[in-house]
Structures are given as structure tokens and as C-alpha cells.
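What follows is a structure written as C-alpha cells; I'll ask about it next.
In order of appearance the chains are A, B, C and D, and numbering begins at 1 in each one.
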Amino acid sequence: MLYRTAGQYKTSYASDQAVFPVRQDAILLGIILLLAWVIFPLTASEFTFQTLLIPILIYSLAALGLNVLTGYAGQLSLGTAAFMGVGAYACYKMVTLMPWLNPLVAILLSGAFSAGIGVAFGIPSLRIKGFYLAIATLAAQFFLVWLFEKWGWLYNYNSSGAIQVPNLTMFGVYVAGPQASTIVQYYVVLVVVSLLTWVTINLTRGTLGRTWKATRDMDFAAELIGINLMRSKLTAFAISSYIVGVAGALFVFMWRGAAEPNLFDIPLSFRILFIAIIGGLGSIMGNYLGAILIVGLPVMLNTVPEALGIHIDSATVEHLNIMIVGSLIIFFLIIEPHGLARLWALIREKLVIWPFPH
Amino acid sequence: MLHDIFIAPFQDMFSAPDFLLQVLWEGLVSGILYALIALGFVLIFRSSRIFNFAQGIMVVFAALTLVGLHAMGVPAWICVLLTLGVMFVLAMAIERVVLRPLVGQPDIILFMATIGITLFLIGFGEIIFGGENKVMITEELGIPTGSWTLEPFGGLLILEQKDVTAVVVAALLVIGLLVFLSRTQMGRAIRALGDDSQAALSVGISLHTIWVLVWFIAGIIALVTGIAWGARAGVSFALEVIAYKALPVLMLGGLESIAGAIIGGLMIGLLEKLFEIYWGQPLMGGNTETWFAFVLALLVLLFRPQGLFGEKIIERV
Amino acid sequence: MKHFTKMALAATVAAGLCTSAAADIYAPNLSYRTGPFAATGIPLMNGQKDYFTMINERDGGIGGVKIEFDECETGYSTEKGVECYEKTKGRAVVTQPWSTGITLQVLPKTNVDMIPILAPGYGFSPMADGKVFQWAFNAPGSYWDAASMILKFISQDNLDNLKGKKIAFLHLDHPFGKEPLPFLEAKAAQHGFELLPIPVGLKEMQNQSAQWLQIRRERPDYVIMWGWGAMNAGAITEAVKTKFPMENFIGTWWSGHDADLKIVGEDGKGYKSISFSRPMLDAAIQADIKKYVVDAGKSQSNPEEMSGVFYNRGLVISMILAEGIKAAQDHFKVGEINAEQLRWGLENLNVTEERLAELGMTGMVAPFKTSCSDHTGHSGGWVLEWDGKAFVEASDHLTPDSASIQPLEVEKAAEYAAANAPWPINEECK
Amino acid sequence: MTDQAEGYTTADGRKIGGVVMEMKNITLRFGGVVAIHNISFDIREGEIRAIIGPNGAGKSSMLNVISGFYTPSEGEVWYKGAKRPPMKPYEVARQGVARTFQNIALFEGMSVLDNVMTGRLTHMKAGILPQMIWKGRAEAEETENRIIAERVIDFLEIQHIRKTPVARLPYGLKKRVELARALAAEPTILLLDEPMAGMNVEEKEDMCRFILDVNDEFGTTIALIEHDMGVVMDLSDRVVVMDYGKKIGDGSPDEVRNNQDVIDAYLGVQH
């Protein structure tokens, strides 16, 4: 009965095109927003913010960016982390060259740089397809990380080669750097993530979204019905890289506080790919579900047995964690290749007709 | 600047030809190993359209099993046999648990599944064998460990005997594999599968058997690669990263071409070493080997989307 | 409902555990027993852990308070390290970050969270300046100390002997490997030798043929190595292969791991490593470790590892922390010290010859003391040489050239503080 | 035949207009293989024009040339009285040429409605900013084009499956959705690549009716390739016959039926 849709009639196309045509979905969203904006900040501990809430939001955003490219436009990328790196380094350069710049503006601008580089590395996608393209994105991955190491100007010739987030203020409040309080950083992340999610929802349900999906599903047919494949792919690369770049800037400025080049190496790319795939390619909500799982699992493995009084060696926990993540990936692929989002959709379908099976 | 790029490196090469030979030799040895890993990829891709990301971890896993068994006191050659047994069981398990339930899924799903296998094997391997670096049982396997010092052009050329052994063994393995693929019924079935799965089925061998077999062959290749590479720098999980080098090889040589994997591997091994020594280190601060192969493959594909050995593709509707 | 009761029960049990644990001093270690650096990490972690197990078993802790020495696995990943830091900082009196990357990351946070960082022999060399880095300690020696001692050793105590020589600096391309560069560059300029930095990428650790070809081409007089994890073994095998004269190859103290050298055995003869610690297998402490830890089945180590350099260094590192705890207890006259009190303790370490004898660790580390302005202590060290089977001592006690290091420390520390403004400075400290 | 400039009147009294598209001496080669050899014909406004021929005759290649997927090796394509410069397929589509495919090429990951809406993409002009915030032009366009898409959906009687993912549809319906997608573009010329291949008799009848209705209702010019001779003869106003890349006949169904070359090459062999 929870999800009964009977009686909810649509009287205009506009209302049918709304994000949540079913009222219960809107209510559910309301509850989630309430949790994210009010309940969590009031109740969460420092540890929860640092190991769960903030990373989940940031990873979701990065996965969202990847999903635009891979899930919507069908271009498999293995180089996500490098574009996060571009965003992070761009942000670092901006705030150190122009200390007066509003940090939020700097973060949102840093995506523009990764978008530019994303387009440059997206050009091969016009000629190269499938796995060949995936390997080609690895060229970006390895080359950019190498550049972060070798190009001293990027890290202000810091002797350690790492970038350190300075203390930054916005309207007199510290928002980044060691002086910033966790809750402020959480809200900054939440604002940016909510904003970009809303924009992405709009983009993917409209003209551009259909253009991308057509490119993904059948590229030649897309071209023959009037889609400029080059524009379609390159806008996907640009918008995806923009989101990923902003996620990278948040990653370093709102969470990590410092970064060395190899942080943006391939394991991070893969982790984001896992989130996108386990969550569900071609879905917005899936990114959040995937991030909750991938970020939450190790934390759970670390804390739950301990809370139950079982002591497991921390190295063993780490090994187990890797094994479990690996098995979970296989498990979910077998159970539902379209990810958690589809799993939710199926449950919801059941709920709509529950308790009557027809 | 132009002088540094276009003239100085070649002057360097000619002024110290013995050193150039050493560079080429080093490139060749790495190239052989890249080619072997790429070969594992190609076999699996041809027979099941799976882009097997786990090939790299299989190398580590095979080498670790070998060394781990030896540490338990098992004689070296028995270890090799037992390791082959383990690789066979692994192939069966992968086919049974992972591949069979995923038949018919899109390529990307299968690709992700092999990443899942990779993670699982990393965790599993570390629990069983521990994460520390181990010494490959080179001598116990009868692999010579000395080196030959040649003096071409009055200079110095050092050939490690184990590298020479690796090259020879790799060559034998490739020849054996080609014979197997062209002379036996099984082998022909595998090859046919690459072109047309119906044809393969008509030979009368079940798809599942072929998959187990192919993964097992990939396991054998992994073991050989693991021994050869482990002899160079010990056995540890850091080995896994060399698997990435096989990817640009596949781009150049094509995902389905056995010859492409071998030639592409050697090419990349040689070129990346030459580039690093004569251009990377003097001009770009070194470490260019991390990306050179990828960028090279990318540029080649931009101009020849079909790869170096593929035929021009005619698109059809 | 039944399920819920169970959960509640578990929670109470957990809470009970926590309260009972609160009576201890919680000293977590951000260890790594996994990943490509595990090979070098494990013996150190074992040594550290065994020391505290021994202290707890033999003495019932320090000053009557047990030490809860817990490990949080990082796999040498900076990200995991920060997670461990966040997880442990609630109760911890100290952070032992165990990687220069993690150290750099938590360094600014410790000022806010008020938890001391203990990074013996690693981390950021300017941490020595205690006025700026009030919460960070890298006793008994910094990377610049190590570099200075290496230069002193190869030049027979006169750096001008290096004039016109070429020194290759083979290092991990990572904050750790780059750490000594500013010092080495300054010295190269000052004494007229050529410094050739050769980075080894994280992905190239096991395949350094390009780097060693470069070394062969450049023909340096010496190779100084800042290697860690799988890089050490990779470099040493390549050095043997290219027939680089081993006696001119010298590593930092993290490049002197027995297992790395065992791979090449006799061929590695002559390879050297600077070290702030020495394995003293006849030291009194070894018997206690055996009695209270090994024989009680509480050690994860093995006899071969326990005779090595790294395991014994692990013991020394834990001793430094234990001494800091003891100093704080004595000064504040409380058993369960907090993080702030431990900071004072670490700032007032005084490890003398007599104290080492009391601890049964004579000769395992050189005496040193810290102060509010000197968080390193600069104990100096020895050169250890591989004789084909084990590391043996190859020099007298060496001391770093503190006179030239200190100004550089102050300068870089000030730069750091400026970049991270507002940064609190301990003005009381003279 | 009839006069070139003014068009003609069909047997059932429909008025056919002037030439919209003209193929002039088209030759298409792949490497050494000649797929189309020096073919010329025209398509007139409002007519149903068929291209027939046995397998491998080059019909599909010809359709691909018309839709811009292949660029002819020699010869010219004239469209609306002007020579068409070399252009990308999407530019051809934007000039008003829409098509369906022999092997259905729907976007399987999208619903029927979304597939039909992709047909409207060439008419959507909103910039990326309004799209991001779903305001202004983007929002208005979405509704305007939805109305047109819904009209096509109604017309082809697929309202009931509007929100169904196309992957779940049976073959015949997929064909119809593909037609809807092409129609939604409101094309000047509609190209149909074997619209009735693989259908049963009932489905074929439906499809025939839809094709005639489209032509009738919207006045759309249709060019189609078809195997089924009977259907073609009933439907089309004029027929081009191809064999081995050459044109062997061109004219009204009756003229073609009586052409000896055609009978030899095609009709005789086919049945």
C-alpha cells in the first residue's frame, strides 16, 4: 500500500515529465534531504563525518561524473582519477595564485580545467570505440599523474611534491584547511553535490540526455537521425570531466587536506568505476547507493566485529575487505548487472502493486 | 631545443653502440614479458569476448603459489606441477562461479567481473601467502643465475642468463601454443571460436570445456611470466602493475591477434626503453615508461583505428 | 524484536569493553602489513608491537598503566591512513603515521586535534623545529640527518672531497623519496659535487632497468638510495646485474632490510645503509622479548626476522614512545596521561647511555635528548654493511652536520607555517 | 513517363510534385569492389518510390548514399534543386531526410517515448544552460515536441507501450516504433529500409496501411527498399530496379513488371 499509484493521474505533459511523477518518490526524497541537511549534521560524530558522510558524498559526485560519460554516453573511461587530479591541482593553483578568490567559486571553476582536458582526451573517442577507448583513457590516467609529479609549478615547487590545502575562509568562516570545522566542510560538499546532481538530472532527462543515450545505444543510428556524434561525445566528456574535476577539488580541499600525485592513480579510478557499476550505469541514484556500499563496507568491517567483541587483526580485515569487495562486485553483476539502482526499481515495482500481485 | 630532440639522442646512440645494444636488450626482455601477458589476454578474448583484467593478478598468484609451496618444503619441480594444478582449479572455479552465470551479458559487465576476480585474488593471496616480497626459486628450478659479459664495439654488454632463459622459454611457449592451436582439435576449436562460435560448437566440444581450457592456458602463461619476472625482482603484489603494460600492446596488436600481441609486445618493450633512455631521461625528467606505451598506442590508433595489424573496417548498417 | 535485543546486548558489551579499555593508554599504530610496502613494513610493525607486549607482560605496562597498542591497517595508502587517524584520534594519545605521505596529511590536523605525531626517522625533516611543529616529533633522526651522515661517510668526513664527483640520488617518486632533496641540493651547490636525482615511480619499483641504464650511462661515483618496499629489492638486484660497484652504493635507513639483500646474497656484499639503530642480539632486552612475548606465543615474528635490522628498529621506535609516556607520567604525576601530556613527554625525552642500559638496549640506538625547540634529537647513527649474510657495522658512530641542517630546518618550517597561515608558533620556547 | 518539371497524377488521382532529390551518375566503390555503378534516378515530392533488386544488388548501399552514410565515389546528389556538398550523415538528417533500418536500430536502453523523442532532436534548439536548470526554452521545447511525438504515437497506435523499454517489445512493434521515430522528425523524405522484412502477413498489412496513411496524411515523400514484390507493386508509384550495382529498370510498377531485363534478372529468379 505504501507505493500505491492508483488515483495519481497526470493532466499535462509537464507534470508527466516531472522528476518524480509518483508522489511517494517525492516524499522519500524529502526524507532523504531532511536527513542529509538536518538530521545528520545534528547527530553525526566527527568520525562519521570524516569516514562516511563526506567521502560518500564526494565519491558519489565523482561516480556521477563518470556515469554521465560511461552510463549515459556509453564511453567507458578508466581515467577518472586523473581528471579528479586536474580539478584538485587547478583549485590549488587558483587559491594560491589568487588568495582573495572565494573558495566555493574556486572549486566550481576548477571543474572547467578538467573539462577542457577531458575534451582533449575525448577526441580519440571519435575514432576509437569500446575497450580500445577504455585503454586510451588510461593514457590520460598515466600521463596526467606523471605530469602532476614532474611539473613543479603545479605544486608550487613544494619539496615533498605534495599539495597542502591552505586555510581558506568564506564570509569569515574557515571552509578549507586544518582550521576548518568538519560540519562546515560537510555543508559545502552537500551544497555542491546537491547542485550538480540537480543539474545532471535536468541534463540527462532532456535533449542532451537523449542525445547521449542514443549515442550510447547505437551510434550509427544516432548519427543518421541527426545527432552530431562529435558534439554528443565531446559534451559528454566535457560535462563528465567537469563534475569529476569538481569532485576532485572537493576530495582534496574538503576532505583530504593534502594530496600527492599518486593519490590520483588507477586504484582511485577503479574505485569510482566500481561505485558507478555497482550502483548502476545510467542511473543518478545508483551513484549514491554504490558509494554508500563501497565507502561504508570497509568502515563496517572495521567497526562491527570490534563492537561485537571479536578481535580481528587489522591487516586481515584489510585483506578480507578487498576479498569481499571483489566478491560483491561479482555477486551484484550476477544478481543484477544493472546495479543497485535497478534492484531498487524492481523492489519499487513490487511495492507499487503490493499487496495485490496484479 | 630541436637539436636536443632530433639530433643529440642519435649522436648518443652512435657514440656508445654497446650501450644502445644493452638498452635494446633490456627492451627486448621487457617486451617478451609484455607479449606473454598480452597473449593471455588475447586467448581469453578470442574464445569468450572477455577482456580479462585478472591476467596480471594471475601472474602474481601463480608465482606466489609456486614460491609458497616451495617454502613448505615441496621440491621445486613438484611445486611447478602443483601450481599448474592450482591454476587449473582456479580456471574451473572462475568458469563455474563467474563466467557461467554471466553468459550473454554485455562486455563491460564481464570486464567488471574480471576486476572483481582481481580484487578477490589480491585479498585471498595476501591472506594465504602474506604481503611481503619473496624470492623466486630461480636456482631450484635449474635456471642459471650468472651473466655473460660481451664486449661488442669494445664496450660492455651484460646478458643475464635468466633473462636469456626467459626469452628462450617464452619463445618455446609461444611456438608450443601455436602448434597446439593449429594441430589439435581443441586448439582449432579455440581458434574457430574467435571467428564464429557456431563453427566451434560444431567441432563437438562444449563451450564450458573450452573456457576452462583457455583460462588454464592463460594460467600457464601467467606462471611462466611470473617465474621470469619474479626472477628479476622478487615476487610480490607490486608485480600486478606490469599487467597494465599489456594493455597498450593489445591496442596496437589488436585484441584478437596472437601475432599482434607478440609483435606489439616487443615493439612497445623496445620503443619505451629507447624513448626513456634517449628522450625521457635527458629531456623530461624520466619515468616516461609509465605512459609512453599508452600515448604511443593512442596516437597510432588515431591514425589507424583498426590497429597496426587489423584490416580497414567498412561500416555497415 | 529478538534481533533488536541482540543488538542492544552487543552494544552494551561493546560499551563495556570500551570503558574497561579506557583505563589503558591507547597508542594506535597506523601499520601496513598489506600492499607493495608490506615487505618492509611487517618486521618494523612486529618489533614495535612485541616491545609493548613485553612491557605489558613484564612490567604490567608503564607506571602501572597498561598500553593498548593497537594497529590500524593503511596499506601505505595515504587515504586509509587518514581514515585510521580519524578513527583513532578520539582516544589516542599519539599518532604513528608510518608514511611520509600520511604524516604530511595529518600534520596540520594535529594542531587542531592536539595529538602528537611520532614519526621516528621519517616524516618531514623540518618537524625538528619544535617551535613551529609543536605536535610533531621525528626523533632520533630526520632524513636530512641521514643524508648528512651519508655524505660525511662517503667523503671521509670532509665534504669538499666530493668536489667534482657525481652522485646519483635514486629515490622513490613519492614525498618520502623527495624529502632529502632540498638538503642534498644545498650541499651539492656548496661543495661542488654534481647531484643527479633519479626518480623511481611507484609502478616501476620492480622494474628499474631504465633507471639503472641511466646510472650505467652517467657513471656516477656514488649512488645514494631513498627506497622503500619493493623498490629496495628491485634496485639491489639491478645494481648487481649492471655490476655497479656495491661499495659505492649506500641507502637510507629504510633501505637496509635484510630480506631485500638476501635476494642477491653474496652479490650484494659491500652494499651499505645508514642506520640510527643497530640490532644487538645479545642485549638484555632480547631475553625478555623471548621470555614474555615469543615463548608466550604472542609474537607474529620469526627468529630470522628478529635478528634483522628492521625488527630491532621497531623495538627502538616503541622504546622512544614508551620513554615519552614515562617522562610525561613522571612530570605530571598521573598514570593515565593524555595526548597533551604526552606531547610534553616527547619534548623532554632524555635517552642517556645509563637509561639505555637500564632498558637493556645498550648500543641499539645512540643517546639523544629532545627539547621544545628540537623535536628530533639528532642521535646520529652508524653505517651498516651487508657482508653477504647479514648487516654488520662498518663505521664508528656518526653525527649529522647539525650546524648546516638547522638553519635549513628553520627556514623550511617558516615557509610551511606561512603557507598554512594561521599557524600557531610556540613563542614561549627559546 | 511524364514531364520532368511539373510532376504527374497517379492512378488513384494523387498529384505528384516536382523533383526533390536527384541521384546523378552515382558510383560507389569499396576498395576494388563496385557496389553501385553509374546510377541515376529521381524522387518526386509526395510520391512513394521503391528501389528493388535481388540480394547484393546494391539497394542498401544506395539508401546509405541517399542518407549520407556513404559518400559516393563518383556522381552527385541533388536535393531541393541544389547540389549536395559532401556532408556528414547527421547534416543530411537535419536537411529533412529520415530513415529506418533493415536490422532494427532502436535505442534499446530507452523507452518507446524517448525513442520517438530522439526523432525530434533535430528540432530542439535550447542551449545547454537552460537545459541545466530546466527552465525557459528547454522546458517549453520539451512540451512542444512532446505534443508532436504523442501525435505520431497516436497515429501509429502505440500509445499503450509508450513507457515500455523498447528492449522488451516484439519485433513487429519495434519496427513500428522505428517508423515513429523517423516520422517524428517530420522529414521531407522518409527512407524505409525493408520495412516489412521478417513480418507475418497481418503485420505486413498493418505496415502497408501505415505507409500509405503517412503518405496520405502528411504528404511525406517516401523512398523504400523492399524484397516483397507484391507489396512493392501495390504501394509504390514508381520503382527503380537494380541488379549487380546497375540500374536495369525504372518506371511505374506496370512498366517495370513488363520490362524483360527485370523479368530475367529478378522476377524470374526470385520466385
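The rule is simple: contacts are C-beta pairs under 8 Å (C-beta built on N, C-alpha and C of every residue); 3 or more make two chains touch, one makes a residue touch a chain.
Per UniProt, the chains are A, B = Branched-chain amino acid ABC transporter permease; C = ABC transporter permease; D = ABC transporter ATP-binding protein.
All values reported here derive from a predicted model rather than from experimental measurement.
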> Which chain's mean C-alpha position is the greatest distance from chain D's?
Replying inline: C
> Which chain's mean C-alpha position is nearest the mean C-alpha position of the whole protein set?
Replying inline: A
> Could you state the distance in Å from the CA-based centre of chain B to that of chain C?
Replying inline: 37
>> Roughly how far is chain C from chain D, centre to centre by C-alpha average, rounded to an integer in Å?
In response: 75
> For chain A and chain D, what's the span in angstrom between their mean Cα positions?
Replying inline: 42
> Which residues of chain D are in contact with two or more other chains?
Replying inline: 69, 101, 105
> Which chain B residues sit where two or more other chains touch them?
Replying inline: 126, 131, 244, 285, 287, 290, 315, 317
> Which residues of chain C are in contact with two or more other chains?
Replying inline: 33-34, 173, 199, 201
> Which chain A residues qualify as touching chain B in the complex?
Replying inline: 76, 124, 127-128, 130-132, 135-136, 138-139, 141-143, 145-146, 149-150, 220, 224, 266, 270, 273-274, 277, 281, 315-316, 319-330, 333-334, 337
>> Could you list, by residue number, the parts of chain A that touch chain D in their complex?
In response: 12-14, 17, 199, 202-203, 206-208, 210-211, 213-214, 216-218, 220-229, 235, 282
>> Considering only the defined contacts, which chain C positions touch chain A in the complex?
In response: 10-11, 13-14, 17, 31, 33-34, 70-73, 75, 78-80, 82-83, 86-87, 90, 100-101, 104-105, 108-109, 111-112, 124, 173-175, 178-179, 181-182, 199, 201-202, 412, 419-422
>> Taking the touch rule as given, give the residues of chain D at its contact with chain A in the complex, in rising order.
In response: 67-69, 88-90, 93-94, 98-99, 101, 105-110, 114, 117-119, 121-122, 124, 126, 128, 131-134, 138-139, 141-143, 146-147, 150, 181-182, 185
> Which bits of chain B are touching chain C when the two form their complex?
Replying inline: 16, 19, 22-23, 26, 29-30, 126, 130-133, 135, 147, 149, 158, 160, 229, 232-234, 236-239, 241-242, 244, 273, 276-277, 280-281, 285-287, 289-290
